[in-house]
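When the chains are written out, they are named A, B, C and D in that same order, and each has its own residue count from 1.
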Amino acid sequence: MSVATEARAGEPVSLGVSKGRVEALSDGVFAIVVTLLVLEIKVPHVGAHDSVRALAGALLALAPKFVSWVISFATVCVIWLNHHRLFSRIGRLDNALFWLNANLLLWTSFIPFPTALMGDYPGNRLAVSFYGTVMALMALAFVLMRWRLHCHDRLLQDGADRELFRQGTRRSIWMGPVAYGIGASLAWVFPPAAFACYAAIAIYFVLPRDARTKP
Amino acid sequence: MSVATEARAGEPVSLGVSKGRVEALSDGVFAIVVTLLVLEIKVPHVGAHDSVRALAGALLALAPKFVSWVISFATVCVIWLNHHRLFSRIGRLDNALFWLNANLLLWTSFIPFPTALMGDYPGNRLAVSFYGTVMALMALAFVLMRWRLHCHDRLLQDGADRELFRQGTRRSIWMGPVAYGIGASLAWVFPPAAFACYAAIAIYFVLPRDARTKP
Amino acid sequence: MSVATEARAGEPVSLGVSKGRVEALSDGVFAIVVTLLVLEIKVPHVGAHDSVRALAGALLALAPKFVSWVISFATVCVIWLNHHRLFSRIGRLDNALFWLNANLLLWTSFIPFPTALMGDYPGNRLAVSFYGTVMALMALAFVLMRWRLHCHDRLLQDGADRELFRQGTRRSIWMGPVAYGIGASLAWVFPPAAFACYAAIAIYFVLPRDARTKP
Amino acid sequence: MSVATEARAGEPVSLGVSKGRVEALSDGVFAIVVTLLVLEIKVPHVGAHDSVRALAGALLALAPKFVSWVISFATVCVIWLNHHRLFSRIGRLDNALFWLNANLLLWTSFIPFPTALMGDYPGNRLAVSFYGTVMALMALAFVLMRWRLHCHDRLLQDGADRELFRQGTRRSIWMGPVAYGIGASLAWVFPPAAFACYAAIAIYFVLPRDARTKP
């Protein structure tokens, strides 16, 4: 795979690592992140060990953490799904694309931190906005990968439909950095609205594609 | 795999991701959960560092955590096994089935929390019942996947025996949400009985299939 | 793979899951355990943030934890290696073999706990003996798998040399439960001798096979 | 793969495990380490839950941890990339090579500890130097693997260019143990210079290969 090493300025430089391995590394990171998320929810400490009432109260107080966890869980599943769809269009990887993918993994592996932060401080505007900002940067990483493929379409799969790909790129800007940016802004006005926005973005991607494309 | 994109109302919508990749993601989550479970058992703090007696007492006090851990470990192995048997019957995945599988992964990845909770509060009725409730929801996720396959049997493997599959679905309701629901109810009467019930469900699945089907 | 479902008493019962998947699950668990081990070494808290002397003292105090970690790291690598060699001899898995393998994974995934315990209490006879006991049970899990294969040699790879396999089984008893049992006993007399014993067992397996078989 | 078991003194001894499995184990470890790194960044505790100012201050105080995390993240990606390039040149593994690879995994899996240490004590010369020392030992592990392949070039891929491999080995000494050694030394003079050095080494490897080889 990708044996040629032509290197004119701006031309894709061969990476020497197959697409399948990068996909496996990414899959590993997604599987680990999705499973680690729950570790940020700690078992509450309750004085009266056998008191149902005390434990019920402590568990209810964790509600914002459970909500953050479910939103992030669904979001990472969406990342996984979109990552696979994108990679199925890629024919070969160059060095830039590898590192743009690493950038996506960086933000994805960071998700447990903003999730825990938002779960711990659900009423703090900065905490809720921080979550949306990280997600916007993660979504931007997708846009940058698509941009690289748009500029060097020799990296695309041979049979790939260029026009369809361009439409997808445009959509990935709106239902990505822009949507999360709106959520992050809403957090400064009314934090619960930002929660709803983050959940809505995940739900949008959970819906089947045909339902989405038909208005 | 699954190239067609027919989208009549209620019909399976093509996912664009192969079954093998979803299986690999699920396997990753199962392997991580099964290994993370032990992280919830923390090394006890003992004042007299070299005192065998003090450390023995501290380790014995962890007994409920060890019991919870072993039950959850066996349960996740059972989930892995049943997941593989179910996937071996699936021919292709649609969007709904992907998200029903994600729902199973959500509950499975949550298991470390109720395991630690039950291990920390083995005498608290709510903690022990909470464990059974989470497991019932996990088992319900299996039933929902089977239900989807039952309603859209074009998603099943070509040679799959429909009648056998229907029997398996019926059994998955009884030895799933119903059995765990009974355990969660028992917890309100006598917590140790619930522990026994959760362990018994795991043991049922550990037994060879022929021993189970013959009454 | 393994389609037949004959079920005479004591005969291997077909599992319905391929050997490759069980190997992948086991590999996942080994990779995760080997990487999680370091999480048990916590960054020390030092009052004077920029004091080299204070931090050096705190890091030196962690020495037993570093030693435990290296021994366990090497041991898990050995488990991985021996697991692969054993699986390369297996032709197909039955239900009993799957659960005997799950038993091995249980003890292997438990290793971070005794490692942290021995690292925290290196002078406590119980802590050091506990480590050896867990390792003995892990090694016993290997012996039990080999025993199952010995009794039902239809599960072995077709071309496998039965006599060579029997020799390996005998050796796995000595350089397994027996050797770790000796280490666990030594801990009650002189803990550092047990550390040396655990390290020696790992080193024995690190040496090339020919060097080992030639006395 | 590698069936022969010739064992003259110093000759490669057959391992009995395929190269692909060792690669999969290594990939698993890299994926887990890269994802675990973020777990060392704990959500800060702030008294006034809804105070934006207090939380902003607490997050800014974490800046050194974020910087350490990004440097380590990029470094592990570089390790992954270099590991793949090296393995693509290997034809078969012997026992020594397996354990030299395990040595690389040991230092790589250790990275979360020095990363957290440097993030917690960014102004402590020992902490910052410790990070570089661990990285130098990790890089040395690569050199040792290359050395083994250099001495026993029967282990190399059949078509591999010996001269090119020798050049790579020489470069791996300079842009490995030597460069990190310089960083670790700089830490004793001026810690921020060491941070810059560690980042520069990662950036060197992020650049496309052709840009690097042309001076």
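Just so we're on the same page, a contact is a pair of C-beta atoms (placed from the backbone, for glycine too) under 8 Å apart; a residue touches a chain by one contact, two chains touch by 3 or more.
Keep in mind the model is a prediction, meaning the values are calculated, not measured.
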Given chain B and chain C, the chains that contact each of them: none
Copies chain D and chain C - interface residue numbers shared by over half, same or different: different
Rigid-body rotation angle, chain B and chain A, from Cα fit (steps of 5°): 90
Geometric centre distance via CA averages, chain D-chain A, whole Å: 26
Centroid distance [mean C-alpha coordinates] between chain D and chain B, Å: 37
Multi-chain contact residues (two or more partners), chain C: 28, 32, 36, 39
Pairwise touch network: line, ring, star, complete, or other: ring
Contact pairs between chains, per stated definition: A-B, A-D, B-C, C-D
Residue numbers on chain B that touch chain C, as the complex places them: 27-28, 30-32, 34-39, 41, 43, 46, 49-52, 55-56, 59, 70, 73-74, 77, 80-81, 84-85, 88, 206-211
Residues of chain A defined as touching chain D within the complex: 5, 7, 13, 16-17, 21, 24-25, 28-29, 32-33, 36, 39-40, 94-96, 98-99, 102, 105-106, 109-110, 112-113, 116-117, 120-121, 123-127, 130
